[in-house]
Amino acid sequence: MSYMPPKLLETKLLQFLEEDINYGDLSSDLVPNVPIHANIVSKQEGVICGLNFAEILLKSLNVEVSSLFSDGDTIRTGDIILQLRGLSRVILASERTILNILMRLSGIATQTRRLVAKIKQAGQKTVIASTRKTTPGFRYFEKYAVIIGGGDPHRWNLSDTVLIKENHLRLLGEEAISIILNQSLNKTSFTKKVEIEVENLSELRMALKASPDIIMLDDFSTEDIHLAIDIIKQTSDQVRPLIEVSGGINDQNIDAFLIPGVDIISMGMLTHSTLAIDFSLRIMNILPSSPERRD
Amino acid sequence: MSYMPPKLLETKLLQFLEEDINYGDLSSDLVPNVPIHANIVSKQEGVICGLNFAEILLKSLNVEVSSLFSDGDTIRTGDIILQLRGLSRVILASERTILNILMRLSGIATQTRRLVAKIKQAGQKTVIASTRKTTPGFRYFEKYAVIIGGGDPHRWNLSDTVLIKENHLRLLGEEAISIILNQSLNKTSFTKKVEIEVENLSELRMALKASPDIIMLDDFSTEDIHLAIDIIKQTSDQVRPLIEVSGGINDQNIDAFLIPGVDIISMGMLTHSTLAIDFSLRIMNILPSSPERRD
Amino acid sequence: MSYMPPKLLETKLLQFLEEDINYGDLSSDLVPNVPIHANIVSKQEGVICGLNFAEILLKSLNVEVSSLFSDGDTIRTGDIILQLRGLSRVILASERTILNILMRLSGIATQTRRLVAKIKQAGQKTVIASTRKTTPGFRYFEKYAVIIGGGDPHRWNLSDTVLIKENHLRLLGEEAISIILNQSLNKTSFTKKVEIEVENLSELRMALKASPDIIMLDDFSTEDIHLAIDIIKQTSDQVRPLIEVSGGINDQNIDAFLIPGVDIISMGMLTHSTLAIDFSLRIMNILPSSPERRD
Amino acid sequence: MSYMPPKLLETKLLQFLEEDINYGDLSSDLVPNVPIHANIVSKQEGVICGLNFAEILLKSLNVEVSSLFSDGDTIRTGDIILQLRGLSRVILASERTILNILMRLSGIATQTRRLVAKIKQAGQKTVIASTRKTTPGFRYFEKYAVIIGGGDPHRWNLSDTVLIKENHLRLLGEEAISIILNQSLNKTSFTKKVEIEVENLSELRMALKASPDIIMLDDFSTEDIHLAIDIIKQTSDQVRPLIEVSGGINDQNIDAFLIPGVDIISMGMLTHSTLAIDFSLRIMNILPSSPERRD
Amino acid sequence: MSYMPPKLLETKLLQFLEEDINYGDLSSDLVPNVPIHANIVSKQEGVICGLNFAEILLKSLNVEVSSLFSDGDTIRTGDIILQLRGLSRVILASERTILNILMRLSGIATQTRRLVAKIKQAGQKTVIASTRKTTPGFRYFEKYAVIIGGGDPHRWNLSDTVLIKENHLRLLGEEAISIILNQSLNKTSFTKKVEIEVENLSELRMALKASPDIIMLDDFSTEDIHLAIDIIKQTSDQVRPLIEVSGGINDQNIDAFLIPGVDIISMGMLTHSTLAIDFSLRIMNILPSSPERRD
Amino acid sequence: MSYMPPKLLETKLLQFLEEDINYGDLSSDLVPNVPIHANIVSKQEGVICGLNFAEILLKSLNVEVSSLFSDGDTIRTGDIILQLRGLSRVILASERTILNILMRLSGIATQTRRLVAKIKQAGQKTVIASTRKTTPGFRYFEKYAVIIGGGDPHRWNLSDTVLIKENHLRLLGEEAISIILNQSLNKTSFTKKVEIEVENLSELRMALKASPDIIMLDDFSTEDIHLAIDIIKQTSDQVRPLIEVSGGINDQNIDAFLIPGVDIISMGMLTHSTLAIDFSLRIMNILPSSPERRD
């Protein structure tokens, strides 16, 4: 993972709140603004994710938060995952934003964890990686949920790692690979890894000449994956590149890809097609009014 | 729907692009920057949504776009939904952002359309409505997709329509309804509708005294929905409030809720638990170089 | 009104401060930066408005504030409406921004309150509503002042309520009304009210066929308003639409429009042509220096 | 005045538009989106101001604009001050933002021009200056309107010109002036002018020792202004400071302050208490549809 | 100098931090997040500048700071210029941003101070002024460092002071000066000073007719400077304009320009060609863990 | 390098312009706004850098640009590096912003090129790398200049590459390396390289156990560098890590570090202590007025 100072997240989280508040919460203005105790309760089991963000947002709104859980913990239906103490209006006004963050991130973490567990049970060490197929504007949070679930974020964006794909090869033309080889050495920083995506065995053979750090086998049949692994092992005299497989792999068919030698399985569905985990906020009671606090 | 000047969307779309570009696209810098023709092709059938946004973003990047489809059209696997002509690097650098928009929005529109069709086939006029359970920062686009799919956006945010829910009632205390009645009349603008959510028939009876524009029956059994409709019809002498049902309704169980008298079915899963529709971008060929164009 | 979390207002208020500070306050840098007590005093009588915003801004600048007044209270010349304790330079540097907020908002609230009082004295229940004729960038605050004065904000923006006006009718052509009727039902969310503006009695008759929630009689003579009310009552069998009158109504001629049956009078001048209420900030004394506080 | 590249204003103007559009214009979505010709017509006479900003905003929205007028021109009731050609929806959606800019700025320019003319008729050369009593967030535009009306903007913000006022003097204590003198020389850049505000003749005498570039006589009676001018002339051997008078001067009492020797009269009401000039937008006709243009 | 409320700087400083954090600090995530004591130590002697900004940023990140130094103090190699107490990860993540601010600003302040001292030693009162040749986006901070070093900021931007240069004169044509004279009087606010840059003695003579507040002698030989001073003294009967010299003056050749009568020497190199002062951050020890603090 | 869509740079560049324009250019408002031809001319020899950014900014301001040079070309004193055609006021108002970009970036590129050339002449292939010691807010541009000069950008920010430094080791305690080893494998994405900085030979031996991709020898004497290279070669059986040296290396002492086996020399001074290259803008002539163009 990577460390993010909470203060830098606060601004982003307040923008999410602003999207829901617009020019004010018409409904919470109709209730008294009193100190309350409220709980956020899970309505499904899964892996909790997003507590960290909920806390940053709520604290910035002067709501006290406490929790027995941390991001990544397993939760059961009915668990109180967050206890809040603060003024009623600000809690009601921020409820949906916080639940939306928790819902989506816990959905992603839960799904990722399930796949990671499946691999572990199969006795494999294959890494599950996400892709850049994320919701526009929400990638940081979705990649975070993948990591919390035990997956690898893979490239966060186009500045991360060189990844030569089909369309790049097409533009480079026939002698692509040797050109890439030269260009990579000349134009890419020594601080970056280089990955090449190939669509068949002949492309693979050419790609290996460029000594990439990672080879991605895209849409390969399981037979071809076996062949590819052999070729890679034979070609690379010293350190072989990491081997990543991708292309339409999902929780149904993943077993077929748990092939020894495959280091990474990347799956777009981790972030683009997940079911949310449901939570709800319940006001427990009105707290004794503390010395004048206006908000 | 609502009309949004394209110029106002451009800024937001460029922020989505910025999220993926970060400090530059390492890979597309390795290929020649030449004018190309590329197609975006659907890899599944469904309802296309997001073309409008793709066009605004691409035009702002000086990429020419044309399409035989409009948002809301039905597409089949293999359809060319967008043709692009522009410089290779900018097309490659914006590919994922555009596909991410199309994937998610088409997923939502497709699912909404399926449910709307189901209701029409059942001979009902019930409206399918989304909720505020959307991805933080992406709500505008997700509500747009619901509308394109034939659904109703419902409240866009907390400034839209008064909606008194369980937590509000709890804060208002015993005599809640009469207070709401007075407060709504005094504090809510005449330009706003008022909706009250009830969780059982006795709450319903109280709520009706406030003459809301809309009643939401939350988590009601189908039997109770029938009873509720009768109560509402008897109580409202002139114009009865609209009747909305919600709570765990999904594409599996929706049939049970197609009850005459139910005006609206609202479903969180329209936006929080959808499967994306897959698209890919393919470079078709390099175009003859036009008079010097630098970008 | 609508509830806005103070934290979301803080950013906006700091932008207002930034407009006045630019790259620094040249003058306050010439005085010692010591803890002081300063008062904001009213130089005219009226309705105070903007205290809430002043407090949020000052607190974010580490200035302690206290007040015996709340937004909406009546003030007299010489009243101390806000007491400040903080460092001299930050108080001097934010003085004008705070006074500008108070001046304009109190001006609007005072004028609105005067008109609301006039109507109450005439024994009427007519609502005074503002329009969208506000200062660009400052609408939220101006609508807030109208509400504090006892007026109705009316539409906050173009996403609020459908309002079909002359120019829309012109574009819709001859068969406008029936088209609107259909379109409204098909394209407008059930959560929104629909208002139609008419300029004469024949337009009114057509508009009523669309069963709008609100009818706006624009620039009607008082005689025509009487006729319109009769037509509306006769045409609407069940619930008649609300009746709003507008067009050049001001504090001089408003009495003529206090006609039974008129529910709302909307007036642009509430926000576009108001006289500010004057306030000034006076440093009372230098406070004993507390344990080292640097700001 | 000062030159501002149009591109830098565009962003600000689009933010004003965004305030009114929110998440879309519900009403203009109900009309066909066709090319139209529309006029903006004045409903009052006065000095037009804001055309420049209207043009920048409209052009950025792909609306063609033409006008026979320029900012500062005199207009009469019924004058077509701006002709627009563009798509109907974008014109309707931006109508109110543009009118709000024109209304307020023309109101300020008109009032300023009237006062400037009054002075000219009285055979004086006194400059009319505005203050920093402007609407938060809109100062640039309001100062622009003052200049268009023939007034002087005075300080745009706290980084402009040193201005020592009552509260500064109070903090500086007894020996204030000599300290200011030293500090100004030491701490203020040679590129800045220094102004001192005095409230009586004894303060004036002290202030003159600091050789300020400008002296502001605040709330002086006309008699005291005469005395002050004499003192200033006697004290300053070479170049006397400019003399500015201020404090409750308005269009009613300004004549009393047209005293030879007074160089500047500054008036807060120029920007804080003006009546807007009214304009309206009228769709003239639908234009023949040009080759496919989507927006 | 000019006073800037710390809160307004915080946002800007957090943006600088964000530039370095991007989507998180990969490395500090690998170490325990514990309370630590760390020192920032100077590795060179010079004038410290930027402490004020470091404190604002660190406080906003919940790091306690203390220092025995203030901006402008002389430091020696090995001095502990800032002591920090806070969580390890946030200190490591903000280290480089803070050091970069200190490095560059102390470099500028040190160089400015050296030149100011040189002039003082030569018994002159000439002011050293910076120019607008600053790093884009960082001007506020660089001008601040010049002031801390004892220099004059000169124009902060194009809204500060009128400065007529060679290119303006060229556009004004032959009769330039008289036109400027008129235009300045008519179009420039009385609150602004007017400076004219001349490139030879004949331009100087023309410029003096416009009675500018400041004359800039650009790229004059020392002989011509002497002549220019004479001309200026003779021409100006009452108060002569300030005399500024500029053009390729640096720490090598500055002595030649310490000519009596020269009021200001402006030097671009103060901000565009400075050597940074080096600092480093050293973790001293891990602090006893205080009652649970999560960040 | 990495590809950045020009549109994304435009916003940033306009912010730089805004810093200099503030609320308008007082001086260029005094000259006629006519179409002109102007040249930007180099006043020193060096490597030109920033043309790309100048073009994006100028085009967005409707100024036509042409050049015979590209970023990275060698220029001589007097070379016309950019020709502009546009309105006089916008060219004058943007002059300084453009020159400031060119000055600083060309200074960095020139210095980097000189060092790269030195190494090539010495027959070495050592890479020159920059650091994160850049001007806050301007890093993207400064790293770009390093690349143009032939250097390597090294880490753009803290999300790029894991880099374990002295302070991290101190927090990890005695058994640091083995912990890092495990943590890196578990917590760092396979897409990232890992670098470890060591301060002596014993740290080096420990670090090598973690099999980093890169080893940084910080502040090593040349003798110790020789020893370190031997140790690294002996320890790494297959692929040895890249070897980077850093710490006080500059253009004076760099020769000593051109040791075979050293892959990278990183130098903070490339960005933190450079001398700017000087350019000036000269108006050549006024162009014949083209059909009405207002800006």
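A few remarks follow.
A, B, C, D, E and F are the chain letters, set down in written order, and residue numbers restart from 1 in every chain.
The criterion applied here is as follows: a contact is a pair of C-beta atoms (placed from the backbone, for glycine too) under 8 Å apart; a residue touches a chain by one contact, two chains touch by 3 or more.
It should be emphasised that the depicted structure is a prediction, and the values quoted were computed from it without experimental measurement.
Taking the mean of C-alpha positions as each chain's centre, the chain lying farthest from the centre of chain D is A. Between D-F and B-C, more C-beta contact pairs join the chains of B-C.
Both chain A and chain E derive from one sequence, and where they touch, under half of the residue numbers involved are common to the two copies. Taking the CA centroid of chain E as reference, the farthest chain centroid is that of B. Note on chain placement: the centre of chain B and the centre of chain F lie 44 Å apart, centres being C-alpha means.
Here the spacing of chain C and chain D, counted between their Cα centres, is 23 Å. Work out the mean CA point of chain A and of chain F, and you get 31 Å between them.
Counting partner chains per residue, chain B shows two or more touched chains at residues 1-2, 21-26, 28-29, 93, 156-161, 187, 192.
Those residues of chain A that touch chain F in the complex are listed here as 1-2, 127, 129, 152-156, 158-161, 187, 189-193, 195, 214, 238-239, 242, 263-264. Residues of chain E that touch chain F in their complex: 15-16, 19-32, 34, 36, 38, 88, 92-93, 95-97, 99-101, 103-104, 107, 132-139, 141, 156-165, 167-168, 170-172, 180, 183-184, 187-188, 192, 268-269, 272-276, 281-283, 286.
Residues 1-8, 11, 55, 140, 143, 156-157 of chain F are the ones that touch chain B when the two sit in their complex. Chain F makes touch with chain D in their complex at residues 14, 17-18, 21, 23-26, 28-29, 33, 60-62, 89-90, 93-94, 294-295.
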